[in-house]
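There are two complexes below, and they share chain A, which is joined by chain B in the first and by chain C in the second.
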Partner chain A sequence: MENAIVIKNLCKIYSGFELKDVSFNLPKGYIMGFAGQNGAGKTTTIRSILNMIKINSGEITIFGKDNIKYEREIKQDVGVVLDELYFTRHLKIKSIEAQLKMFYDNWNSEVFKSYIERFKLPYNKKCGDFSKGMKMKLMIAAALAHDAKLLILDEPTSGLDPVARDELLDIFGEIIEDGEHSILFSTHITADIERVADYLTILYNGKIYETGEKDEIMEKYVVIKGDAADINEEIKKHTIGFHNYRNGFESLYKAEYTDLLPDSVVVEKASIDEIMVYIAKEG
Partner chain B sequence: MNIVIKNKSDAPIYEQIKEQIREQILDGKAKENEQLPSIRQLAKDLKISVITTTRAYNDLMEEGFIVSVSGKGYFVASKTNELLRERLICEMENGLEAAVVNGRNAGLSDEEIKTALETVLKEISDSE
Partner chain C sequence: MKNIKECIAYAKYDFINLKSTNTLGMVIVFMMFGMMALISIPEMAFSILIAAPAVFNALFAMEEESGYCQLGFFPAKRSNAVYGRFLLTFAATIVLLVIAFVMTNIARSANAGMVDLSLENLPEQAKAVLAQFPEVTDMFIAAAVFLFANVLNVTSLTLYYAVAPEKEIAYSFAVMGIVAAVGFAVVKIADISLMDTIEFAIDVLENQTLVSVICFAAGALVNIPYAIIASRLFIKRIYK
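Showing the complex of A and B:
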């Protein structure tokens, strides 16, 4: 399978934080959700992919090309939506388009205009004064106007109301429908990933905790609840983030060992949120 | 093709899709050779992962309910499709078995059960 992004053994050391040996692939034509607590290293990874920071070691290729050596070429095909607007804040849409047009060889004004209209973005307002949702839509319109084959979004859904989030997921589906476009988006609103993402990468403390097909990862874990007296040491070995409360225990558990559990223990599907919470509890 | 995803359901989404397409084929709502939405169209419409819809279609193909025609997409298998035919016969046998068990439990004789089956056969032919 052709890959949009391949990251091999990425390391980035800051004082007090380290991104350790991060490796994952995003196959072309699919959506990957990138989950992790604040400070897990999501933004550092994204900045590394975009060559916005200097990495200590590792290799990143986009569409099979080294992200540093071929940066100029790659950037033509990459669209970025960051947490903060990176356009000149005091400019209106028309002037922003004039700036962007100079950068991108295949800028399409018609496409840009159609998205501005569809997203109902105002031409007569400075983009710095846009709402959070409007800023995000403007960055997406820009990415689509140069037909970015890879869209990288850092926390696009945070701060969006439910309607805007739903619209964004619709747009994601449209973007990848032709099988040529790929999306990597980081978020801590994992309900969005649960629905729409094909692949999932969970970062914890600067390291990859899980990466692969989302459904497969989610099938690996269950949440179990019950009376701690009912479970033996063997079962406890497969728990993650085990916590005993006054009225019973709760834990994440490896689904492959569900057969070991006594009937008195309640077994439920684990959401990505729950997986992340228990991983953090396990520490 | 009507597909409704229940978020609160315990069944995985790919199984929900599979089950609903399967039902619509079995009860004739989806006609033979009818084209299904593409994997990516369906994922977009339902706002779910492409991998999930791929898995549902792959399972349906393996079970003989749908076929893929390269370059054209996915279609409801024709009833002459060996796998689908086997599946339908199997469903019929299960249904008959359940019917016979119910009939015997109700204290019907074999003759009465056969008469009941003939009545059903006639009713269905009449309504067609």
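Showing the complex of A and C:
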């Protein structure tokens, strides 16, 4: 399977934070949700992919090419959407297009115009005055106008109302329909990942906790609840973020060991949210 | 060739930012005031030359706060943004330089009674003005001032790009070093000492009216927010 992104042993050291041996692949034509709590290293990873920061070690390839050596070439095919608008705020759409199209060989004004019209973005308003959802759509329109084969989105849905979020997620689905486009999007709104992502990478404290197909990862964990007296040390070994309350316990649990559980323990499917919360509790 | 194309693209990028923010309008208004003052005070040209790049600096700095972070996403070398900026400010300052000197010479000619600044006999008046042009020493001083102002401006941008790979930063500094060297060469060839330049500025300050002093002060003042923004961005980039 051809990969859009391959990251091998990425390390970036800051004082007080370290991204350690981060490795994952995003296969071409799919959406990967990049989850993790605030400060887990999601943005640092994205900035490394974009060669915005100098990494300490590791290897990043995009469409099989080294992200530093072939930076210019790669960025022709990469579109970036951040949670904050990165265009000059006092510019209107026409000026933004004039600025962007100089840099992209594949810039297509017709495509840009069609997305602007589809997203109902006003030409006569400064983009800094757009609503959050409109800003997101403008950045997506810009990315698609140069036919970016890889979209990298950093917290694109945070701060959006449910309707705008839903619309944006639908757009993601449309983008990858042809099998040529891939999306990596970081978020801490895990419901969005559950809805649209095919792959999932969970980052915890600068390290990869899980990476792979979303459904496989979700099947690996269950949430168990019951009376503390119902579990023994053997069971406890497979728990993650075990918490004992006055009237019982709750924990994330490795699904492969559910056979060990007594019938009195309640077993529920774990959501990504729960996986992340229990991972954080485990510390 | 690709690098040149990218430099021009970045210069245009800057130009679109300036055009869309009434910056050009502000610069033109600034120059109009300066030119009005020039008619009566010829040496005001020097004040304008000092203040004009400062205005550019301040306005560019405002741009950097909002839009410049996107340059790292473009399929172009970030260091070319630095050269593109230099290209634009250099072109703009040359235009300002020419206008300022033409105006200075008109004023000098008028003061010398060679022209009457009326609309009559324009061709003769123009010839008289051109005969006064150029004031070579002043031009060299101004050119040197401009070069240094631009080096300051572009170096700040380079610092802002501390986020870019070190190699590019090093190249940018090297190029700016060469530009600074050209500035020194200009001063050397024209046989102008630093003291001459400072004395010239002091002379302007001492002998001119309040308008002239205000113009100098304005030049200095607009540099303050620029310096604050540039330093803050630099610190932010380094420690981020």
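We adopt the following convention: the second predicted complex is superposed on the first by the 283 of 283 C-alpha atoms of A that agree within 3 Å, B and C clash if a C-alpha of one lies under 4 Å from a C-alpha of the other, contacts with A are read in each partner's own complex, and residues count from 1 in each chain.
Basically, contacts are C-beta pairs under 8 Å (C-beta built on N, C-alpha and C of every residue); 3 or more make two chains touch, one makes a residue touch a chain.
Just so you know, these numbers come straight off a predicted model, no measurement behind them.
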Quick check for you: in the superposed arrangement, does A:92 touch first (chain B), second (chain C), both or neither?
second
Contacts of A:120 with chain B and chain C, given as first, second, both or neither
neither
Touching partner for A:246 - first (chain B), second (chain C), both, neither
neither
Superposition-derived comparison: chain B or chain C, residues of chain A touched:
C
Between chain B (first) and chain C (second), which, if any, makes contact with A:170: first, second, both or neither?
first
For a test of understanding, state which residues of chain C touch chain A in their complex under the given definition.
2, 6, 9, 12-13, 16-17, 19-21, 63, 66-67, 69-70, 72-77, 163, 165-166
State the interface residues of chain A toward chain B in the complex, per the touch definition above.
29-31, 166, 169-170, 173-174, 176-179, 195-199, 213-215, 219, 269
Touching chain C in the complex, chain A uses residues 50-54, 68, 71-76, 78, 80, 86-92, 95, 98-99, 102-105, 128
Which residues of chain B touch chain A in the complex?
10, 12, 14, 40-41, 43-45, 47-52, 55
